[in-house]
Structures are given as C-alpha cells and as structure tokens.
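I'd like to ask some things about the structure below.
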C-alpha cells in the first residue's frame, strides 16, 4: 500500500446506514473519490453530513495509557470536541483536561506533514515510496540483533503487527519505554498479590491511605479513580471515606486529603511498617512473622525517621483499624528510590495485614487474547537501549511514541549514543527532540485520524477493548497511520501472509471479525456486528477472572537513613503533573495554559521550595534559582510552597522542550536532564527521587506567571471556599 | 490693597484686553508647538491602542479601569471651579470675580472637553461609542438609563452645553467690543456674527441680566450634580472603597479644590503672559487663594470623614482597601495625595504666601498633582484589592500608552486654552468696567458720608 | 413608543427579581457544586475552553492578567490567621487545599447588569445573566462592579492574534458560538448554546426540558460529578433537590445554615451578604475530624 | 410723517440720567418716550434703566416652560424607553426604576431650562438683531448713548436737551 487508497467515502456511506456513522468530509478537506477531487457543496451534502447538526462518533483517547473512551463531536466534517463515552467502564462519560486536549494534538499547527530525510542539518522532504525504499535498503543485510524498535506502551492490533514485523526482521529487540511508569509497583504487586496491576476499589474503602499515589492526577487511570473517589467521599450509609496521603511533595491527591502527612523523602516504607506496628499495638492481630518484622518500628523511631508525629501515627492506626475495609495505595513518590521495591513491599504488606486484599483489592481479569494485551513500558528499557546504542549493537533504530532524547537523563548521553546507530527512523507527529536526531522522520496520522485498538493496562471491570477510529478526514495528505505503515513494511518481508489486508483498517476489521463470537452472538451478521462495534467504540469481554494470591513479604530491608550529601543537601522531586506528564503533550496550548492545580503556574516551570528552606537561603518567590545536581543544572523560578518537605525541592516534568513547535519550545526547564542515575535495587528502574541537588540564587527575579493573585491562597476571612468538619455535617440527608 | 484701580480709564481696559488678541508673540507659538507635540503623543498612543486592543494599556482583570478614568475625573473636577465659582460668586455679588471668571469658565469648558476624550479613549470599542447615546433608531434600542455612566454622559453633556452657553452669553457684550474695535478680517466677521448684533441697549441689558442670573442659578445645582454623579459611578457600585455615602460631597469638594488650584495656576500664567497685572491683581489672587484654602480644608475634612466612616463602619473589605491604600503598593501615591492635598495647602494660610507668586505657582501645581493622585487612588486600589481575594492584583502598573494619553491630554487642554485666549477676550471687559464703576461710586459715597460725618463732628 | 404602551407597561414592570411576583417559568437555571467532590483537576476549565472558543492567550498576556478562563479553579490554603497577607501560616498544609471552581454566578440581582451603559448585559427570563457581545461597547463597568471578578474582557483581538488559533486550529472552533473580537466583555454563559439547542429540540414535543437533557460542558466532563446543573424550578431536578436539601433559598441573603449553629448543612453561596443572589450553590468541603 | 433717529453720546452717566429724566418729564410732540427711547450702555446699568420706567422682562417664563418640558420629556423618554425596549430585568431592579430616572429627569430639567432660557433671551432681547441705524463704538467703550426716534419736528427740541446736558456727540440720521 503506497497511497491510502481505501475509499473512505464509500465506506462511510455504508456506515451511514448502520445508524452510527463516521462522518468525514469537510470544508477545507476535499474528498478523494475514485482518484478524482470533487468539491461537494453542502447543498447536496452526503447523507451522513447534516450541515449545522453535530454527529457524535466513538473512539478512544490516546493522550495517555488509561484508555478512556471518547465521543467526538463532529460537525461539517470537523471534529470539534472530545467528550467522554458513557458506556466505557473506564471513564463512564467523563474526561480529564489532558484527554480533551486531544483535539489540539490533532489540529496542532506544528505537526510533521511530509516524510523528512536528514540531509546534513536539514530535513529534506521525500515521498513515502522513497522512505520505504530507504528503510528496506538500510535494513538490508542488517542482522535482526542489530535492529531495535523503541515504543511507548503499545497494545491491540498495532502491537500484534509490530511483533510480527519484528519477527519478520528476526529481531527480538522491541523495547517498551515509559519515562513515568508504575514499574516498581508492578513487580512489588506481583510478589505480594500475584498480579502486576490488581483492581483497586477506592469506592468500597472507608479509609484510603495513599503513599504518594496521585490517583486523582496522573496515576494509572485518573479519570476512573476520580469517579471512584467521588463515590468514596459520598460513602456508603453516610460514612464518608477518609483519605490520608503520605508524601514528601503534595500532589493533587494530597491536596484533597483529609490529612496530608509530609514524610522525609524515602521513608514511606518505614512509615508503613510503623503503622503495622501501631496497628498491632492497637489490637489488630498480626501474623507472627510480620509482628516480629515490624517490632523495631516503634512509633518513636518511626516518628523520628519519617517526621510524622506519633500522635498522627496512632490516630492513623486507630482509624485504619476501626474503619474497615480500607485501601493502601502506593505511587511514584514511594517507588522512586533505590529501595523503592522495599518501600512498595512494606506498603503492600500493610494492605495485607489490614485484610484489604480481596475486599478493596481484587485481581483484574486477564485479557483473553494475550497477543493484544498491552506491552507495558518501564524505564529499564531506556537503559537497555542506551547500552546497546553505546556499545554499537544497534544499527537501525526505530522510535514510535517515545521521546528518549528528552526524557533520558543527560548523564546517559542518549543523544550522542543514538548518533552511533547507522540509521534512525522516527515515527512521529511532531519534530520532537528525538525526531530531530533521526535520519528519517515519518509523519503519522493523529489519533483522531487513525484506526486502532487499545487495551488499557488498568481494567476496572472485565476487559475493555477500545476501538480507535477516524473522526474526520486526514488534515494532511501525506501523513500515514502507524498501522498502515507497519503493514506496508511487513509486506516487504511477508507479502503473502498479509496480501489479504489492503490496509490496517482491513486488518483490524478482519481480526475483530474473526473473534466475533467472543463479543457477540455467533448469528450476528458481520456488517451489523462491525457497525455496532464502531458505533459503540468499545467492546467489553469478561476476561478470565483471577484470584489474588496474597503472599506476605518475609523480609523488608529499609535503609536506616536515606542518603544525604553535604554538597547536595536537597532532594529533587521531579513531579508528575496531570496535564503534562512526561512532556509529550507540552505542545497542546490548553494544557500549557491550564494552571497547575497547586501552584496555579502556567506556561513555565518552577522550583517548589518550602518557605522555611527558602528563608534560610534568602529566596523569595520569583527568584531564578539554579538547581544543580551531579549531572547538570537547570534554572527556573522559585515558588514558595508549604506542601513540600523542607529538605526537598520539586520541579514538574514535561516542560523544557528544545523542539516540538511553538507551544512547547522554550517554555520552562526539563528536570529529566539533571537526574542522577540511581536505580531501584530490584527492578533496575530509574529511581526518580534519588537525585540530590543544591540550589542557589542567580540574582535574577521574575514575576511568576500564575493565576493566583496577590492574596495567595488566603481567603482573608471571607466565606469563599469553605470547609466543615465531618462531625458537623449530616451527609445522609443530601440529595 | 484694592482689588482694582478704580481710576482706570475704560478705554484703557478695552485697549489692554484687546491687546491680548493681537498677533501672538514667539512664546505663544512655542507653547502651541509644545502642546501639539504632546497631543501627537496621545494621538499616537490612541491609534496604537485602537488597533491593538485595550490590552496595550496594561489594564487587565481585575484592573479594568485605570488612569483613563482617574484622569477623566480629574478633568471633570477641574471644570468645576470655573463655572461653579463664577455662578456662585455672581449670585453673591462678589464682584472680584469679574476680572477672572472668563478664563475660569473657559477652563471649565476645555477641561470638560478633555474629560470627554477620556471616556472615549477608555472604551473598548470606541467605534461603537454611539450605542451609549439615547438616539431613536429602527431597532428601538436605547441605552441603559440605570447605569451611572449614562447619568454621567447626560450630566456632562448638560454641563458642557450649559457652560458653553453661559460662557457665550456672558461674552456677548465683549464680543461686541471686539467687533467694534477689530480691523476687517475673519476675526471681525466672527465677532460680528457671534455678537448677534449686540449694541448694549437697555432692552438687551435688561434681558441679559435676568438670563445670566437664571443660568447661574441653574449652573450651581448642575455643577454639584455633575460631580456627584461622577461620584455615583463609584458610590453606586458595590465595590469596597467605592460604596461610600460621602462620596458625592467629597467629589464635589475635590472638584472645587482642583478647580481653584487650576485657577491660581492659570491666573499666574495669564497675568504674566498677557500683562494683566492691572486686572488680575494680587488682591484678587489673595481672595482666590483664601477660597482655595477653605476648600482644601473642606476636602481634607471630607477625606478624613471618609476614612473615619470606613474605619468605624467595620466593613472589613472596605477597611482592607483603606489599609491597602496606606500600606500597599500604592502607599507612596496615597501619602503623596495626603501631602499635596492636605499639608501643602496649609501654606496658603500664611499671609506672606498668599501673594507670593512663585510660591503660589508651585503650590497650585502641587495641589493639582495631589488631586490627580486622589482620583487615581480612588480608582486603582479598589481594583487591586476588591471583594474577591483570588483576583487581587498588586502588581499592575499602567503602560506607557496610558501615561502617554494622560500626558497628551494636558497638551490638548493647553492648546484649546491658548487658542481661546488669543481669539476671545480672556478678561471680561464690560464687567471690569462695571466693577470699576460701582466701586468708584461706592468709594465716592463713602467719602461723601465720611465728609458729612466729619462735618457733623 | 406609544403612550398606551408606556402606561400599560408601567404597572406590569413595577416588579423586581428575585423578590418579585413573577417567578421564572418554566426554567430557572442554576448550579450546585460539591466542593467535597471537586478535586481541582482543571478538566472543567479545559472543557470550557473547548466548548466556548476561549482563546489561549499565551504566557505574556497571561502574565499581564489577560487570561480568558471563564471557569477558573481557585486554590486556597487553610490558614489560622486570616488577616495575614502571607499565603499560609501553617508550616504544612496538613489538611490539604481547598479548590473552588469559579465562574459567573449568574446572579439574580446581578450588580453587573444595572451598570452597563448600553444594556449589553441583561437578565433572561430563565434566570441567566446574558451578555450581548455585539451591543457591548467595552466600558468594563460590569467587570468593575462584579464582586467575583468573573467577567473577562477581550483586551486584544484574539481571533487575529498570532498563535491563538493558527491555521488548522480554527477548525476546532465551536460553530455554535461566535468568536469575540477585541473590546467586548465575555463570561460564563452556563453554556447557553446548549440550553437553547435543548429548548428547541423539546419545543416540538410540546414539553419542557427534563433534568439531564442539557448539560454544561464543565458538568459533563467533571470526573467526580461535583458540578450539578439544572432547572431549579423542576422539583425532579437534582439541582433543585440539592438546594432543597441544603435549604438554600435563591432569594434569601441568609440561609438556614447561617442561622442554626448545628444545622448539619453545608450549602452556601459566595458573598451572599452582597445580595446579588447568585445562582450557584457551593457545598462545603468536608474534613474528617477523626484524623 | 417721517421719523428720524438721533443718537447722543455722554461720558458722564449722571448727565445721561438727567437727560432721560428730562425726556420723560417733557412732553414732546412726535416723540414717545416709552417707545422711541433706547439707552445704549457699555455696562449693565440698572440705575439708568430705572429711569426708563417699569419695563417687564419675560425670560423667566421661558425658563419655567423649558425646565418643566425638559424634565417631563426626560422622564417620559427614559421611562418610555425602558418600558418599551427593556422588557428585560437588570440587576433585580424594576424595569422602570425611579431613582435613576429622577437623576436623569433632574439633568433634563436643567438642560431644558438652560436651553429655553437662552432661547427666551434671544427672543426677548431681539437677538440676533439688525444693527440700528445709528451706532457708535464708543458705546462699547465708555460712553452711554441715547438713541431716540422722533418726528422731524421734535428733532431740534431733543437736540437742545442733549446739548444742554453736555452731549459729547450727537449723530443725526440723514433725512429720508
């Protein structure tokens, strides 16, 4: 397939009768029909286009890995807005800001529109034919061992195609890289519960104790958890759920907690064991081994090590014991240390002794078709790819959905190592930092133009296979769907096997129809089934249900004290924000202008520092401070923030791009660059919170661009945002 | 010390005043050029703002009003002394007003015209300004008569047109003098046309007297209403620091105050520029200065009353605004206002300064600076520190566009005033004659009675 | 303007909302926002950008105070000393933050309406505070008199400003809403385009809108369902029930909650004492007392 | 019978008063002191005018009319516009709210008063006027002028009176 010669218009006509149509024609975008360009007036618009009337089509959000189902509002052939698909068990009609900004990914003015070939420092526009030829030529004679394919989390039929393609190249080097992933937790969960990612029932818990899990912001499946949270707050029988958040830097979830406990960075595990100990003292029966293990963690010691007062510790144990079931969550803040796995084990142990396993933590159903189940990313993949590149093992590198040049710590030298590979192909939407290092940049369709299937890692109920379908005609003639590109590439090697598939759409359709009986009655007509599927935008299957195998940790080794360094006295917490995550969305202006919920800063990075520490260092808000680690420095404006441990500073991730277009380039700084290379002892994941820094004033000062006014967060006695103690309020009577 | 030399020949009065209409000196052109240069700055800024949008003025949310409105009030205030004082003093038969009321009334007119410009400059959609006028139209659309801004527009229109008429009517006999003394030319035609064929007949004078009196009677409540309506723009709103009952009288006092200060400034300038020493005498200046001092004290009192009522009112938001004025980012300006408005005028209480021209010039300029600061301190701090803490903005600072337009407005005023003084007699000739006439008669009477008394003795 | 009309209308118009004798009928749009559910995630604000063609003004203009977020999320910190200008006096915000979605409160006695010199902002019969963009002359008096400062002025001509809506991005614009040019005031409309479309769609059926048939963009997207929007008159509507349960009266300036010490209620309206009678009820965030 | 104008100029105002007094007391045929005598003065001169007898001024009736009409027009225009155009409620206030309307009525009252007063002045003072046949610019300077209109027969009598009172100058209209 060279050109995208699948006739969308005819296809749409078919769909139009099916009741749910994908309407794709529009002003500004001429339709390609039988090779002729026809200007179609709305006076004689196609049946599925009603001028002035919006039509809604279901698809899947591709902004993060949570796999929310979306409904695109389409008018006159243009997608206007993404709304939530109410049928999805993941997001139930709701959306986050990040998801809604998907249209700005699609309409982004800085998208790559033509295949680009590196010519010295410049990119030269070439045709797709030439690009395919070039790939074939460069792959020719290269052993499969020397071909690496680096992707972000990938699932569904794209994953199948990719693995088949790698097979056809005799390569096993598909690396799935996510700069921010709960990889440590997966390993810990596997040990504690027997599954990597169980289902969490926040809504069934009476108390949620979260160790840095920002489940309302950026953790795993935030829209889903937010809905659970709403139910949890309403509570059953008027018993409102209580949220206690333990972390060193306040996250959005921490800001919503009933009690936010600041801990010394890295001591989350100690606190967890301390709570177990306190629970035992409060009368909860602990298994003997556990009791013995937590014995040394008496409240004084724990309080001293973590900084949490003994009073709070006792109260916490009391409420956990009293209100059951509870749920203990663990997030990146607890994972990001050399002893992150130990922290995780300790926290999971707390869940186990509280008897939450099986109540608020359940096994997720496993995907009935393992080949489409998501390949989960982690940061260990980066390390592997980088090592291979450094050693010259990688001759040809493909990248898709990742931006390692941006997200790799500077110390890894990733960009330089990448240059050692003979031929680098970036499948990209924008010229991001990685694409700029590539030899060949292949422009992809946006998520709103492409076909696909997705299966999210976190499955709240059964298994949801989400369909991604085009919501409108392609904006740019020379972009291609990733699936189509892979299919074309694979046909070069396995022409016979894939001859039946004209394009990726045909492939997906065939694949799903083949498994029709899994989803529907056997008797259903193929067309009807297919149209229903597209109309729904998703299909739920029961999956195989599992039971959790709870295993108590036998040994948890927590360091006596977390390392400090006289030269670098502070700990850097690279914070993950709900809208910018690892930086791949930084070019979506809605997100840039969406104030950070806690600091309300827009369009820029900042260094969060506790006022006490700031006073010590003579820093005031707006001072440009230099944050120096062993591996480099970044300079950003200081923001005085009480929600951070005084021994830590925090810089949000996601900004600081040198590329990626007008909305991303030049705004803020990139803390990924200065991270120390410290790894989790067990999983080899990059320990994100192990970077030690020092900060100094540069003497420059700016006015921080933020929504917060001169009063800061102070209401000055006015009744504006009010709170009430839970014993003062009668929730059961509420509508 | 006499207000005026009673023996002055009437022909000399004519001659002296008409001299001010003669070919201007070089300095006059210099002043005009400077004024035009200043206007060009304002025009440039306005063109830029018109094209780019109001954002270039650095106004923002919550600072939706800024120097434009503050300076608008300043000019409106400035307008007050002219007409209001002229009318009040006329009713009170204070004849020392006669040599100085003409330019004061001109000042009224021109500062109103300047103020009007600020309303325009301030509008986000200047090109649609006529939406705020009550004109009949097909769509049956009317402005919102509930809005104090509309009252403002109405009051200013009434005041401006009445002031112009008052100025004009009062000038008719003088225009006839000009007509009678001018050589042929456009000016003669102009005066002939404007003097409406005035010949000073008894019928004309009789009706003139009544008319002038009537309009003066109207002008006093009108002038009071104008500035109290400007005060209503603020007092009728709900904002802390604005919603103050004492605002209307406070504004009126402030207006009189700044007007008087401006009269002193212009008095001194005209006295020297046109050599009007014989008419604009130090004695009259002294009276004006004393009046100014009295008004300054009234203003100070009303200011204090406002603070006190806020303070004792226990309305926390209003109190916060007051505290903010005194201690926040606007503190230097606010204290500057107190200094210029309440401390500096104390100087005027000393006799030796009441006729000291250099001191008075500096003082009057300081008073006006103080009054301008007052207006700014009414407008800006409430925006920076309103009801809603989240939107408090203590960092906003007017951009050069705002400053440029404010700066240029002084040029505009100067231009209008200078042109007026060259085209129209800035001292009322016929009234100076009246003053001389009545005074000398009174003196004679006094002398006569004195003689009698002496004789009786 | 006929004399008869004038005379007839006279008595008819001598009434006033909300104390008035003519209740809204059949709609009175209102909202309630549960701050205990609101997490401050900003999804509603982004939805508002998407739905209402709000311009992204960029860093410099944002810094100048020219942002256009009709719905803004405010973040407050609990303080012990409310008079201090410092953001927080507690060493750590150990009870979290307070988030507050703030948009036009659609006041029944809106301070902005009376002061507009050209009558560009009016109260609609269904209880909305409407803004007529093409009538607005940009005096900004409405914003000056808004206690909540939720009115946003077009300081620039955003549609023609560079990088606000570059080429392709214009295709995302919602055709149901105009783009606002420089010099006009704008603000949250309660997604009036959706309300009107909804009303039209049920008009043919000869009925009124049922609860949930019209959703505002922010309500629709809110992951925790903190925002409830609906017809306050409709006793079936959730918003009606919530107001009723919290015993919040539209036309009162002091609610039961203020009168009773232990009412157990948590519904309130912001700056209620100003008697603007906002149409948005907030429900206080709850904080667990046991921990 | 043909009539002619005569203008006499006096610098001494007392003399001018005496002239008027004398003219009023003397009955001259062909000269009506109430209609044919005009005093031209450089200043407002109530004392001299008193001599001319009780001449009424009607400007104030214009004022009354103007002010009332202005006020009424203002009030009805505004209320009418509100009642007809603004069927929309603003700020919880009545459609026809009295307080703001009173403010505007007040302004219109003054506006009408001032405008119509000026109109009245022009009407009553006969302005703009054609220049009278005899005029001296001295009248606008420092001299008082007495303009009389009389039959040819009375001219000489009048001249005598003027001369007697030290008229500086007597202008005589040429015969027709």
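Labels for the chains are A, B, C and D, by order of writing; each one numbers its residues from 1.
Following the convention adopted for this analysis, a residue touches a chain if its C-beta (ideal position, glycine included) is under 8 Å from a C-beta of that chain, and two chains touch if they have at least 3 such contacts.
Owing to the predicted nature of the structure, the values given are computational and were not obtained by experimental measurement.
J.: Please find the two chains that have the most C-beta pairs touching each other.
T.: If you count contacting C-beta pairs, the leading pair is A-C.
J.: Suppose each chain is reduced to the average of its Cα coordinates; what separation in Å results between chain B and chain D?
T.: 30
J.: Chain A to chain D: how many Å between their CA centres?
T.: That gives a centre separation of 90 Å.
J.: Can you check how far apart chain C and chain D are, centre to centre, with Cα atoms defining each centre and the answer in Å?
T.: 63
J.: Which parts of chain C, given as residue numbers and ranges, touch two or more other chains?
T.: As it turns out, chain C has residues touching two or more other chains at 1, 67, 72, 74, 76, 111, 114-116, 119, 271.
J.: Provide the list of chain D residues touching at least two other chains, using ranges where the numbers run on.
T.: 81-82, 84, 86, 90-91, 93 - these are the residues of chain D that touch more than one other chain.
J.: Could you list the positions in chain A whose residues touch two or more of the other chains?
T.: Within chain A, residues 703, 708, 710-711, 714-718, 720 contact more than one other chain.
J.: Hey, how would you classify the chain contact layout here, line, ring, star, complete or other?
T.: Drawn as a graph, the chains match no named shape, so other.
J.: Output every touching chain pair, sorted by label.
T.: A-B, A-C, B-C, B-D, C-D
J.: What part of chain B is in contact with chain A in the complex they form?
T.: The touching residues are 316-317, 320, 384-385, 387-395.
J.: Where on chain A does chain C make contact in their complex?
T.: For this pair, the touching residues of chain A are 26, 28, 52, 75-76, 78-84, 91, 93-97, 100-101, 103-104, 107-109, 216-217, 222-223, 226-227, 229-230, 233-234, 240, 242, 244-245, 250, 252-262, 312, 315-316, 318-319, 475, 578-579, 589-595, 597-598, 600, 602-604, 612, 640, 642-643, 662-663, 667, 703, 705, 707-708, 710-731, 733-735.
J.: Which residues of chain C touch chain D in the complex?
T.: My answer: residues 1, 5-6, 9-10, 12-19, 107-116, 119, 121-124, 277.
J.: Under the stated contact criterion, what part of chain D meets chain B in this complex?
T.: Within the complex, chain D touches chain B at residues 13, 38-46, 48-49, 52, 55, 57, 59-60, 63, 77-78, 81-82, 84-86, 90-91, 93, 97, 100-101, 103-104, 106-108, 110-111, 113-115, 117-118, 120-122, 124-132, 135, 137, 139-142, 145, 147.
J.: Once bound in the complex, which stretches of chain B touch chain D?
T.: So the residues of chain B touching chain D come out as 9-11, 14, 134, 140-142, 144-148, 150-151, 154-155, 157-158, 161-162, 165-166, 169, 172-173, 176-177, 179-181, 196-211, 214-215, 218-219, 221-222, 225, 229, 232, 430-431, 433-434, 437.
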